[in-house]
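Below, chain A partners chain B and then partners chain C, in two separate complexes.
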Partner chain A sequence: MLYREAGDFKTSYAADAQTFPLAFDRWGYWVLLALAALVVPFVVNDYWANALLIPFLIYAIAALGLNILTGYCGQVSLGTGGFMAVGAYSSYKLMTAFPWMDMVSVTLLSGLVTAGVGLLFGLPSLRIKGFYLAVATLAAQFFLVWLFNRVPWFYNYSASGQISAPERELFGLVLTGPNAASAVQYLFCLAIVIALAWFARNLTRGTVGRKWMAIRDMDIAAEIIGVNPLRAKLSAFAISSFFVGISGALFFTIYLGAVEVNSAFGIQKSFLILFMVIIGGLGSIFGSFAGAAFLVLLPVVLKLVGVDLLGWPTTIVAHLQLVVVGGLIIFFLVVEPHGLAQLWRLTKEKLRLWPFPH
Partner chain B sequence: MNAHTDSFTTDDGRTIGGTVLDLRNITLRFGGVEAIKNISFDIREGEIRAIIGPNGAGKSSMLNVISGFYVPQEGEVWFRGEKRPQMRPYQVAQQGVARTFQNIALFEGMSVLDNVMCGRLGYMSSNILTQGLWWGRAAREETENRESVERVIDFLEIQAIRKTPVGRLPYGLKKRVELARALAAEPKLLLLDEPMAGMNVEEKEDMSRFILDVNDEFGTTIALIEHDMGVVMDLSDRVVVMDYGRKIGDGTPDEVRSNQEVIDAYLGVAHD
Partner chain C sequence: MKTLTTLTAAATMAAAPALADLVIPDLSYRTGPYAAGGIPFSDGYQDYFTLLNERDGGIGGVPIRLIECETAYDTEKGVECYEATKDEGALVYQPLSTGITYQLIPKTAADGIPMHTMGYGRTSAANGEVFNNIFNYPANYWDGASVAINYLLDENDGSLEGKDIALVYHNSAYGKEPIRTLEALAAKHGFILSQLAVDHPGQEQRSTWVQIRQQRPDYVIMWGWGVMNQVAIQEAANIRFPMENFIGNWWAGAEHDVSPAGMAADGYLSLNMNTVDPELPVFDEIREHVIGSGEAAGDGSHVGSVLYTRGMYAAMLAAEAIRKAQEIHGEADITAAMMRDGMEALTMTEERMLELGAPGIGPVFSVSCENHGGSGQALVQRWNAAEGVFEPITGFISPDEEVIVPLVEEDSLAYAAENGIEPGCA
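Coming up: the complex of A and B.
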């Protein structure tokens, strides 16, 4: 079957506005979903689930969140790590204060708490832009990490200053804690990712998405067509933080199980997510996934090839990784600001026309 | 000053109604520069009102006052019979004032369709949650407003570029898309800042035709800044002439053309 739109005519505006306008893409998407939900959990082993799939899914949520704020609404943030920490500590406090609460509610509530905090830290964006806003979010990052380190209430006065996730079940299956099966954890994350990606896609193709992009492309013109800049920016901060908070909650409850705020949610995390969004593609849902996949895969592939295959020392490979990421960031910022998503789009455009390039 | 409340029919069969916008003794300063000096004029429902004058006369500043960008130091703006309190530009837009810019102000990262859909934002009020779930009102609004946007797209003959990113369009088409976005809002007052600047003769003719058709078919009230005197004389019902921030003429194209002060201002300036 060729990749074509011939014969794929739209008869309503609703059909024309759908996410995958080409039947081929739609089928590909459903097949991928079926594989991810029905096949992968039964064949994957613990190593691949824990080293690749679960972090990929969790980072994809954070990347979606940051992409809403930066890629769609044009507001730079270096506070992603700090907001992930808000999600993580919210889930910890909720789990320990209300032991009966199910994990779906814990996760969603953690997102909501983070949305509120994000709203608060978004207030300066009304007055300051670009570089200065980036610095303000950086301040938020350091403040939040400091807060979770210094106020013992957040880690329930534990001697180590760490937080660790108690065991919780969902539908009779252990989901958190050391006894959890990674296939169960994977499925839980997958379900949340699918729901959130669908949510983000709907937002960005509709009214609020247009408001965000209008602010991003030209805030003066946005205001002249009736966009209230205050509400548009704050909604972007809130929704973005909701995603980032959920990501942080899962990072703690599912992926790590125990967390020390500096190492898990420090400034490096903010940059990691930002790089995912830049490499994957600013202003693209698909790009958020591509960027997360790329940066989760990169160290694993480099280790496989460099250390296991070629026998290089681990330190060299670790440095090589920094060089590769740095080079790619420069490449994408200079050559292709819309990232992997745009490369993918161009390939598809070529495919549609193939074999007649004009 | 008394606002018009009567209405009459023009020679070509259009109805001109009462005063929509009344500017009273507007003065606008930037530091020491007086960009607008004590200017008053009105715009009546259904008319095309031109604002002309040499470069730097204060025409764009006048539109910026009307759309709430600049706050005049003195004077009052009356809109649809009420004195307008100080407002942010988005609030003015929500009252039914749409505009285009002298330097195109489109959203370059979005498609033509999305740009024009932006003109409908004032008609879409579903909350974020229903939008995220693409549910009920949110989905319905999207389809309904798409229908009215498609009518504007047909009207301005830009069907073929619907899905094109605006950044890829040539200048003349961008101007047309910007007009489409303003029209999609179905404004009570449409402000056009040099809609034909930088266009070739053919594009100018198209644009003139669109402006006349908009006014004729939808009865839209239009305020228009334009340098090309021929165009102004053809299109407008009444003309305000500005020079160095002052109003030096106001009346029908014929009256303005025979006004000595206007002739002097235009002769004294190199003009295209």
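Coming up: the complex of A and C.
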């Protein structure tokens, strides 16, 4: 009834090729953005912002980045945690070496540094594929974590090896450090997420994205029709690392404020983000958000229901959380291997016919 | 406007007594690779507060409300727990994790909630002029490192000249803390320090101990936690490293660390900041009022063990600080700010420990604005594998203040400069 294209006439190619061809979708998108940008910052409290929304936005960026590489270009990567660490440590070095630099530049430059590192570790992808590439990126993960632990220059020779974000302002508002208002931090992350998601969406439906997908589907065929595998694969690595680097930078500067490379950017982070991409849906922008939301929110929801509502012991809930999340991952992989994004797509197909299916 | 606020505040306070409670969040970890240490500590911490509730109806007539939150020793979950509990009126945080402590130092400063990191966390927080609301009495890592060296000096007739000492440490903020002090002490006493890092969680240490077998250091000092301790002690036994030359810090000296190695661990040494005696009167009361009535936080099997005792000792110090705060402010239902004043005025004497049913459980110390670190004393204990108990072999040993005070000063002032803090007493 509501969800249909009847009467929604397209009169130009631009209108025909837009991201949300259905008016209902389009409106939904704008309403969601308006809610996120104009309403949420005024009602959000510290707990909602710091425990749910900010981590969700930051993980969504990382999932977008990995989705570009794995979902669109078909290159499996287990180095996401290491690349996030590159983003975090570059923003730390930039913030401490150039105290006058604004946070937008710090974040973008950290992304660029990570893109460079990603490019370097993407080189083996020209020779090796599949599981072998996964192993090569795994090496990147361990090497980068080891590097940030081993070379004191990266953590400015602090006694504990921890890095902590100094206080910085943006437009006169405190953005990093303990005195920052959570609404400001949320808005900063939201702005970056919107910009990056828009960038990713338009990249993936243009020439660059089509080349990636051609490589993913069959690299020899892609090469025969004129796709340069070198440029396609390396651009995917660079852009993916750019996204992941920005998420690592925000993870450190905005979300945690102090990190230790082992616990924050270990191998489990790489897996977490890979799970987000797989559960959300490979090769889908919406899927990156859905996957991030699923894995960030689910544990917190389980905890709220188990501990606060039902009054169960925290141990039981913590163990149950592992069981439920693990079970759901298997369930999704069996029932819907294309992830939450495919589920959403099917729902939309059904909604178009509702209430008169043929 | 101001009068209105005062009026509202007064009205809330007047209305409050019916609902008044002292909120103590317990950021525990009963899951993950560090649960073996987290469980007894948290049990001891909670059981003591439950005892006060059951036996005395709280502190100063106000009941204590415990909020447990599982962190799994993970910093992200620690932050979530902090955000979830801080608005409940939390009086003091004790996260039992150096990583989470580093996370919370700036946050608690901004929110004005005190944090007590007993024998862990950031060592230089001992300087209360910079870290107004962070306390790490009765002892901190640098004290621990110095006590270990002082013990070894004693064993070697006052000279460690030319000795080889290896530090096996957890490769994290926690394990790296003592390095600075040990380097300074190595320069002062002329011993050679080698550093061997073990990565989280510490199950794989073969290469570390092969290296020790080759280097043959005179002593090994260990800064370990969780499963790393058991593995290290087992590996040390495998290469037949003499246990009497192997000293763990106070987080590497609990029953569950040594028991897996069986008789081979006999004679293993570790530091401790509290004495261990399962027969203390306070434990009998816990057995009677808490475990007997089924109110225990855990299964009650840890009462009197090393980490249970330490958790209970942490709770005891917090309860004493609450009493002190009630005394100073003349109010039973205290706030976090009052709690901070109470902690800063805390004094522990032999008589008070006796009154509390825990004679000699910890060192005698007092806290002041300049010194949030207490006396820094610790003792050395030896594992008796046949009896299954840790036996103290020294009294409380004082650290080398000559080395530590300047280091604390330097590190805390660097923090103050970085974060724009004006050092001073309130």
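Assume the second predicted complex is superposed on the first by the 355 of 358 C-alpha atoms of A that agree within 3 Å, B and C clash if a C-alpha of one lies under 4 Å from a C-alpha of the other, contacts with A are read in each partner's own complex, and residues count from 1 in each chain.
Note that a contact is a pair of C-beta atoms (placed from the backbone, for glycine too) under 8 Å apart; a residue touches a chain by one contact, two chains touch by 3 or more.
Model, not experiment: these values are computed from the prediction.
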(request) With the two complexes superposed on chain A, say which partner A:79 touches: chain B (first), chain C (second), both, or neither. (result) neither
(request) For A:291, select first, second, both or neither according to whether it touches chain B, chain C, the two together, or no partner. (result) neither
(request) Once the structures are superposed on A, label A:300 by its partner contacts, choosing first (chain B), second (chain C), both or neither. (result) second
(message) Touch test for A:65: chain B only (first), chain C only (second), both, or neither?
(response) neither
(request) State whether A:87 touches chain B only (first), chain C only (second), both chains, or neither. (result) neither
(message) Output check: A:167 vs chain B and chain C. Expected answer is one of first, second, both, neither. What do you get?
(response) second
(request) Tell me which partner A:207 touches in the superposition: chain B (first), chain C (second), both or neither. (result) first
(request) In the complex, go through chain B and note every residue touching chain A. (result) 67, 69, 88-90, 93-94, 98-99, 101, 105-110, 114, 117-119, 121-122, 124, 126, 128, 131-134, 138-139, 141-143, 146-147, 150, 181-182, 185
(request) Would you mind writing out the residues of chain A in touch with chain B in their complex? (result) 12-14, 17, 199-200, 202-203, 206-208, 210-211, 213-214, 216-218, 220-229, 235, 239, 283
(request) Would you tell me which residues of chain C are touching chain A in their complex? (result) 28, 30-31, 68-70, 72, 74-76, 79-80, 83-84, 86-87, 98-99, 102-103, 105-107, 109-111, 122-123, 171-173, 176-177, 179-180, 197, 199-200, 411, 418-420
(request) Show which residues of chain A lie in contact with chain C when the two form their complex. (result) 45-47, 50-51, 55, 149, 159-162, 164, 166-167, 177-179, 256-260, 262-264, 266, 300, 303, 307, 313-315, 317-319
